[in-house]
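Input: structures, listed below.
Consider the two complexes below, in which chain A is the common component and chain B and chain C are the respective partners.
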Partner chain A sequence: MHRHEVIIIGGGVTGCAIAYNLAARGLRDVAVLERYYLASGATGRCGAGFRHQWGTKTNCLLAKHAIAKLETLAEELDYPGGIDLKQKGYLILAYTPRMVEQFKKNLALQQSLGIDARWLTPEEAKEIVPVLNTEGLLGATYCPKDGHANPFKVTDAYARAAKRLGVKIHTYTEVLDIKVEGSLKTVLTNRGTFQAPVVVNAAGGHAATIGRMVGVDLPIKPERHQILVTEPVEPLLDPMVISFYHHLYCQQTPHGSFVMGLGDPNEPKEYNERSSWQFLVQMAGKIVRLLPPLKNLRVVRQWAGVYDMSPDAQPILCEAPEVPGFFVAAGFSGHGFMIAPMTGQLMAELILGQPTSLPVDMFHLSRFSRGELLIEPSVV
Partner chain B sequence: MLPVDGIPTPEDIMAKMPPPERLARGPVVMVECFQQIPCDPCTHACPRQAILPMKDINEIPRVDYEKCNGCGQCISVCPGLALFVVDLTYSEEEALVKLPYEFLPLPAEGQVVAGLNRAGEEVCPARVVKVVATEKMDKTAVIWLAVPKNMAMEVRHLKVKPRGTTVICRCEDVTLEEIEHLIKVEGVRTLEEIKRLKRCGMGPCQGRTCLPLIAREIYRLCGTEPDSLAWPTYRPPVIPLKLGVLAGGGSDDAQA
Partner chain C sequence: MRIEQHPILEFRRGKKVKFIFDGKEYEGYEGETIAAALHAAGIRVMRESPVLHRPRGLFCAIGNCSSCLMTVNGEPNVRICTEKLREGMVVNSQKGKGVLYEKRS
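For the complex of A and B:
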């Protein structure tokens, strides 16, 4: 039997960031339980991008603060090899008059919050991405400080920093059940029993299953997203290119390979991490039209991961009202990697009962029963 | 013995040790200057005047340890390479030693090097945390080394080990030595972790060449049978395919 102050379920970027932030604030008796290896869930499978260009004030601020942290994360966490940070912007393409109108609204909001994002004509977009086919393009928005980082290294950096501060990380330890007696929670795993007054659910696509173990109903559903990577080549593409119209994103990593993915609006809501050949064909068709010179690049690998979708595509960050001491940090709906530095900080503040550095009330689970959804217009 | 071979005895070192209470509070300078010689740059180098002014230039430097914050700015100034900063509070298992280094090439941050003691003998592996080498330092770099805690008072120099030459992963250019280091020093035990830390298996061969070799190293170093290891998923496509071909644009010449 292991006794701790806090048990975190899930060794993705969220769980590890929360563990580090708790330990850095002095709460070091923390254990992270991960069923497989660190970053084996959505984190290690994700597109790894981060952007300031959001359509709600809440998300703009969250992203802005989180990205500022990513910029200096390697120093803060003393991670000498770095996290493969690349800041060459995101180019978000507009193909319909409605998109133009919405994007310009988003820009006004972003600029009012001090985010350096701007409108580009198709010609200007082509200057930034010479390989772009501008046919049908009405314009684009661009923020040079957007970019991406290596999710495995970010998670590893948080995990190592947390371990140095005394956090215990148990990999290959799967949570099977949780018993609540008074304020104490007993967590049963395939590798022994753990107890703590505080349990944090950071289980990504499995968050609803963990919630059910303590009788907390979380409206989070897994949704498969597929992605592929090509052979590495010389630098060709600076920014991440996103098209909501085509439901796709594509970027070149510092390693030289291209990583690209599609969102499929008809994807069933079930746990599925298998790849399909249909994805390869669809992805290739769309990207070769959008960035024609990529047709000569070879695909070396494809894989799939799940988004932990919430009804409004926004995370749930709170203490469950019905089970005091049971905290939820899940439902990231496809953008949990980039905000993880802030998720870690905000959750640590919530758990320690400290004032939070950004407002978090709107992320409370109770918003769904109150019908106060936080709709974000800007998601793939 | 100093006069004979230039190597200080444990008593010599004890006499130069900062007080234990001060060591327990974090980084602090350790002045391993033993001989009366006409030399005083250290007394001028410290922005906090922690190395006390000398009345006579032949004096051995004395330190006000309360003033020293362990910044290490004095290190590159000493022509005798006698100044070090030791931080016993660096982490649970490791201490940090900041030391002067005048060899080229400089080690890279993150690189694992051999920690040498005052006699020049290898005593432990050490990890380069930071390399400080500005124009002003006039070619005396300061290297921050993370060493096992019990080696904080032993390691005073480093040796860059030549990069291994046995390539295990040809797609991503990873050597046997790098894999051994992950297993032996970093405690990595699984193929999945090695794949994500070093990209072995993420290249065009999809791990067909490297993963069985790595599995054998894990077996050799930790005794885990390859059959009981979790093997990363082999993912489609089986051979690299051009996007243009997948998009329906004719055949891929190189593979026809």
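For the complex of A and C:
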């Protein structure tokens, strides 16, 4: 039997960031339970991009604060090798008048919050991405401070910093069931029993399963997203290129390889981490039309991961009303990597009962029963 | 020495063809691999290692190891140990990771 103050279920970037933030605030008797290895879930499978360019004030602020933290994360966590941070912007392409209208609204909002994002004509977009095929393009938005980081390194940096502060990390430890007796939660795993008054559900695509163990109904569904990586070549693509119209994103990592993915609007909501040849064919076809010189690039590997989708594509960050001491940090709907530094901080503040550094009420689970969805217009 | 038997490729020696390697003209036989033609011409260094820039030669010879990547007719990262030679090919050795696209200004 292991006794702790806090048990965190899930060793992705979210779980590790929460663990570090608790320990950094003095709550060091924390255990992280991870079914496989750290970052084995969505975190290690993700595109790892971060952007300021969102369509709601909440997300703009969350992203802005989280990215500011990513910029100095290696120093904050004393991670000498760095996190492969690249800030060469996101270029978000507009193909329909409705997109133009929405993107310009988003820009006005972003600019009002001090985010340096701007509108580009197709010609200006081509100056930033010379390989871009601008056929049919009406314009694009661009924020030079957007970028990406290495998700394995970010997770590892949090995990190591947390461990140095006394956090225990148990990998290959799968949570099988949770019993709630009074304020005490007993967590049964394949590697023994853990007890704590506070349990945090950071189980990503498995969050609903963990919720059911304590009788908390979480409207979170896994949805497969596929992605691939190519051989490396000399730098030629500065920003991440996103097209909501084509449901795709593509970026070149500092190592020189291209990482790109495609959302399939017809993807069934089920737990599926297998990759398909159909994705390879579709992805290649679309990207070669958009960025033609990529036709001579070889694909090295493809894989899939799941988005933990919530009904409004926004995370659920709260203490479950029915089960005091049971906290939820899940439902990230495809953008949980970039906000993880803030998720970690806000969740630690919630758990410690401290005032939160940004408002979090709108992320409460109860918004769904109240019908107050936080619809974000800009998701892939 | 000329490579004539290959573990995974079959090549019949075709007619003599000319090709360009790093700006100089060479001869080889149609149907053999580019690496076979270069090897016969005494060329042993195929590329340099990406980090320490050390010379790399033919290693696996079956297209698996990336030891022989060159730019062929403008396409970077071609495994010349499995790519067959054709008349007039322009083959260039590669520094760094290969250039996919050169911005023309």
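Everything that follows uses one rule, which is that the second predicted complex is superposed on the first by the 380 of 380 C-alpha atoms of A that agree within 3 Å, B and C clash if a C-alpha of one lies under 4 Å from a C-alpha of the other, contacts with A are read in each partner's own complex, and residues count from 1 in each chain.
Everything below uses one rule, namely that a residue touches a chain if its C-beta (ideal position, glycine included) is under 8 Å from a C-beta of that chain, and two chains touch if they have at least 3 such contacts.
Computed from a predicted model, the values in this text were never measured in an experiment.
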| message | Quick check for you: in the superposed arrangement, does A:Pro130 touch first (chain B), second (chain C), both or neither? | response | second
| field | More chain A residues in contact [chain B versus chain C] | value | B
| First (chain B), second (chain C), both or neither: which does A:Arg298 touch? | both
| query | Counting only touches as set out at the top, which of chain B and chain C does A:Ala284 meet: first, second, both, neither? | reply | first
| said: So in the superposed three-chain picture, is A:Met240 touching just chain B, just chain C, both, or none of them (first/second/both/neither)? | reply: neither
| message | By the touch definition at the top of the document, which applies to A:Glu231: first (chain B), second (chain C), both, or neither? | response | both
| said: Looking at A:Gly256 after the superposition, I want to know if it touches chain B, chain C, both of them or none. Which is it: first, second, both, neither? | reply: second
| said: One more residue to check, A:Asp156. First (chain B), second (chain C), both or neither? | reply: first
| field | Overlap of the chain B and chain C footprints on chain A, listed as residue numbers | value | 231, 294, 296-298
| query | Residues of chain B touching chain A in their complex? | reply | 91-94, 109-110, 127-130, 190, 192-193, 196-197, 199, 202-204, 206, 233, 235-237, 240-249, 252
| message | Which residues of chain C touch chain A once you look at their complex with the stated criterion? | response | 74-77, 96-101, 103
| task | Using the touch definition up top, name the residues of chain A that touch chain B in the complex. | result | 36-40, 44, 78, 80-81, 152, 156, 163-166, 229-231, 255, 275, 277, 280-281, 283-285, 287-289, 294-303
| field | Contact footprint of chain C on chain A as seen in their complex | value | 130-131, 231-234, 236, 256, 293-294, 296-298
